[in-house]
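Two complexes are shown next, each including chain A; its partner changes from chain B in the first to chain C in the second.
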Partner chain A sequence: MAKVTIDGQSIEVPDGTTILQAARMIGGDNVPPAMCYYSKLKTSGGYCRTCIVKVSKGSDKDPRPMPKLVPSCRTTVMDGMEVQNNTSPEVLEARRGVVEFLLINHPLDCPICDQAGECHLQDLGYENGAAKTRYDFPRRKFEMIDIGPYIKLHMTRCIMCFRCIKVADQITDNRSQGMLFRGDASEISTYIEKVIDNDFSGNVIDVCPVGALTDRMNRFKSRVWFTKPMDAHRDCKKCSGKVTLWEKGEEVLRVTSRKDKWGEAEEWICNECRFEKKHINDWVIEGPRQVDPHSVISLNHYQNVLKLKLESGKPQKQMLLGKK
Partner chain B sequence: MLPLTNRSKVVVKKEMSLSEKIYLPAIISGMMITFSHFFKKKPTIQYPEQTREFSAIWRGQHVLKRDEIGAERCTSCGLCAVACPAEAITMTSAERKPGEEHLYREEKYAATYEINMLRCIFCGDCEDACPKEAIFLTDRKVDSEYNRGLFTYGKDILVEGIEKEKRIDVTKRQTPEVLEFKKHKEFDHNVVFEKKK
Partner chain C sequence: MGKKILLEHVNVPGINTLEVYRQNGGYASVEKSLKTMAPEVIVEEVKKSGLRGRGGAGFPTGMKWSFLAKPEGVERYLVVNADESEPGTFKDRYLMEKIPHILIEGMITSSFALGAKTSYIYIRGEYFYVARILEAAIEEAYAAGLLGKNILGTNFSHDVFVQIGAGAYICGEETALLESLEGKRGNPRIKPPFPAIAGLYGCPTVVNNVETIAAVPYIVMNGGDAYAKIGIGRSTGTKLISASGHINKPGVYEIEMGITVEDFIYSDEYCGGILNGKKLKAVVAGGSSVPILPAGFILTTEKGEPRLMTYESLSDGGFVSGTSMGSGGFIVYDETTSIVKNLYTFARFYHHESCGQCSPCREGTGWMEKILHRILEGHGKPSDIDLLWDIQRKIEGNTICPLGDAAAWPVASAIRHFRAEFEEYINHPERITDVKHLQELVS
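Take a look at the complex of A and B:
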């Protein structure tokens, strides 16, 4: 066990835990944001640098601070380590720089993008980004590609987080997409636009932190905040069948996996559940999905949030903080 | 109950004096007020022969703008609908097909766009929320109708005409910031995608 202090809050975590995981165990506002790290995907993280933190004390044995800011998703904790995240102006400034870099080639097409409203880059930019860009050069642009009948790839929006490649590698049985070229020229591709038809390939849509991989069947159907998320399940031979339905009226516009409070899928769902069961009668509805009251998704939904949460037996304090 | 303001007065019903009892002085003073109004300027405006001048910030019927080449600016992003306190706006979106670039500015456009003019409170929040400078409130009035259903204005009424003389001038409604932003072509992110080698 190792004792780590993050922004003044201490926690005992098993050896080998990363700083980011420890911060998530503590919870609250001091969790570093992460664009590429995904707890359910092995070897993810280390690409985007949004989760950088300052280690002001290496450990009890070697109390020297680490010379540079470190990515918290890839740095494991040491006993007695002291970490600064939001309390360090250096970290916040560096993070602003990282966000600026992420947004260099990212288009400002949120009004069109289907991900808008549940986009992690939007949230990150809102919290840590600058209001104006300093970049004068043309942004790199790609034609969009249809990856199979269900998935659309907007390479222009991609921030190179590698999550979809990890999904293809680890969740589906044969990988047909990967990274082409190097450095600034690198891009996600399926190589000769080869169709992804693995049973779990649809999960790349859920892991994508931006709108680079989107559901073709839901394309331009509705903005996220005009749909109602409902928890539902069905008997599925391939996956757990536990999903979130995004409804508009009686129509099921979209099926996604259930996202936890870090925006990560609780369980992977198969393509059959995701793309082929678009009728309300295919599902057993459990009730409305509880989304963060601060999220735009919970806007204009006149369901009595307090009442719902009381019924589900959550204590009042948590209820007001909007935690699940 | 404790009064919240000191404007309330306690009514006292006291005995009327002689001059109050005969009423004539009160009637005469009342008639004087009436008579004095014959010589004052008439505040009545003889509508429709006369019309009152509009305020510079008058907010009337909406317009959906087109850009310089006549393509619709609205991308059906739904921010106006979510900003609308009266929930008067609804829309559905569609994808632009190749060859429709002159009709719609971006790859998504509003297939239908409806404003319920009976719900609308003309607050101008839709205009504030619009990221594409597509919707503006103009100095036009909303006509009266015989049928409630006719107050739901669709794209046929809201979108301005392509011809130059049918365009609706909204320069009064544009803030200096918007006009300044428009000068910079490098901020234009709506350029057509180029194929990368």
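Take a look at the complex of A and C:
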């Protein structure tokens, strides 16, 4: 076990835990944002640099601070380590820089993007971004690609988190997409637009933090905050069959995996569940999906309106303490 | 004349052949180390020698070797980094082209010290003809029993392979090099783990520069102490410097650490002064990545002492008034040079070579290039200088590998030391095209 202190809050965690995981265990406002790290995908993280933190004390054995800011998702804790996240102006400054870099070539087409409302880049931008851009050059553009009948690849919005590549590597049998070219010309692509044909390929949509990979069947159908998320399940031979249905009236617009509070899929679901079971009778409804009350998705989430009012009145930290 | 260790026999006709190389004392270190020395003793001698990595970072080689993990039953590798891609650096090419056997000799001895049965030379794609020279030399060594099974009748067996890269600058970064060597896309790995623990194919690996490995035979033959006597302080031995730019005698020079920079630029033994008798404007002392320094700072340190060609003296004053030894790519600029134009060339290079993995480098390098291009074309805005400064500051230290730092430092130093020139480009773009006006700006 190792004791780590993040922004003054201490926790004992098993050896090999990363700083980010430890911060998530503590919870609250001091969890560094993560755009490329995904706890369910091995070797993910380290690329986007949004989760960088300052290690002001390496460990009890070697108290020297680390010379540079480190990605918290890929740095394991040591016993006695002290980490500064929101308490370090240096970290906040660097993070604002990273957010600016992520946004300079992003089209900011949120008004026409299906991901808007559940986009991690939007959240990140609200929390750490500047109101005005300093970038006055033409932005990078790519042609849209249909990857098979179900998935739309809109590379212009991509922030190169590599999650979809890791999904293809680790969840599906074989990977046919990857990174082409180099530097800011690099793009995620299936080689010569080869169709991803795999039972679990749809999960790339769920892991994409932005609107680069979206569900073609749900394209432009509705803003996410006008739909109603419902937990549901069915007997499926390929996957657990536990999903979230996004309903509008009686219509099932979209089926996704269930996302936890960090926006990560709880369980991978198969393409049959995701794309082919779009009728309400295909599913056993469990009840409304709990979504973070602060999320825009909760705006129309009337089932819990009383609880929502109560919860949003309290500061977030207290809520979490109350849950313990 | 300073002492020569690597290039002592460079002018001997036929030194590229095994026969002539052996007549000049070649491969004696293989004989000595394999038959009379224990591997740990060699590592100890290298530690004593104070030899530092010649690729750019200057990390003590003996220390790097002693970090190598040695789990039972796991292969260890030595990988020689011959992906010399730092702009302004061409010393390894010269050494391998002229005396290929010195590298192979160093590799056998070093591999014996490290317990590596296999070693690789990863050479950049543009050096394909050098790879042929190396392959011919390796073939000769195999035929003479210096490579292969039971070298010189001892129990030590060793194989050397040459792998040609495809020309990406990033593959000079050691973990990207290992990825490329494994046949993957040359993207730097996220560290830790370091190559000494999990390197090539996940096995403990030492990655060293060509020049570093080529210095090992001398250390084995003469002892670490003899090597440490050359040079000053922690900068021991000799260093190959690739001198280029506006000088009378560009080329590769082997210098004893500790000669003055002034001596190196102006003496006839080395660069022979500035071309056409012009004034010195600036120097990039260690390849394009290190900070550029104006004449005043490169010749003397802030304390007024003459600056020496050593790791410590070149970096004296930090990045405010100092620079770094880097890879020894010594680029000299005379008074007619446009620093902004030069910086644009560098920025374009780093933008082109960024691998695209992490966001600050992928997006920041392109942004800096675009701003510099605008300034150069006469469309710069007064706020651009501060914007450039801010961008480079947000890249530096926040990337996976040192390419981000390498892209940031030239921008920072050019703005720090030549801000007036940037302002002139922005405020009076019509005047700046005049070379005479540039010269006036210097004085």
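Definition applied: the second predicted complex is superposed on the first by the 303 of 324 C-alpha atoms of A that agree within 3 Å, B and C clash if a C-alpha of one lies under 4 Å from a C-alpha of the other, contacts with A are read in each partner's own complex, and residues count from 1 in each chain.
FYI, contacts are C-beta pairs under 8 Å (C-beta built on N, C-alpha and C of every residue); 3 or more make two chains touch, one makes a residue touch a chain.
Fair warning: this is a prediction, and the values are worked out from it, not measured in the lab.
Enquirer: For A:104, decide between first (touching chain B), second (touching chain C), both and neither.
Expert: Only chain C; A:104 stays clear of chain B.
Enquirer: Which of the two partners, first being chain B and second being chain C, lies in contact with A:49: first, second, both, or neither?
Expert: second
Enquirer: Just chain B (first), just chain C (second), both, or neither: which does A:186 touch?
Expert: second
Enquirer: Check the contacts made with chain A and report whether chain B or chain C touches more of its residues.
Expert: Here the partner covering more residues of chain A is C.
Enquirer: Both chain B and chain C contact which residues of chain A?
Expert: none
Enquirer: Over in the complex, which chain A residues touch chain B? Could you list them?
Expert: Counting only chain A, the residues touching chain B are 107-112, 116, 136, 139-143, 156, 219-223, 225-226, 296, 299-300.
Enquirer: With touch defined as at the start, can you tell me which chain A residues reach chain C in the complex?
Expert: Interface residues on the chain A side: 45-49, 52, 68-69, 71, 74, 93-94, 97-98, 100-102, 104-105, 134-135, 137, 159-160, 162, 178-179, 181-186.
Enquirer: Chain A touches which residues of chain B in the complex?
Expert: Checking each residue of chain B against chain A gives 75-79, 81-82, 87, 93-95, 106-108, 131-132, 186, 189, 193-196.
Enquirer: Using the touch definition from the top, list the residues of chain C that touch chain A in their complex.
Expert: Contacts found on chain C: 168, 185, 190, 351-360, 362-367, 370, 387, 390, 393-395, 397-400.
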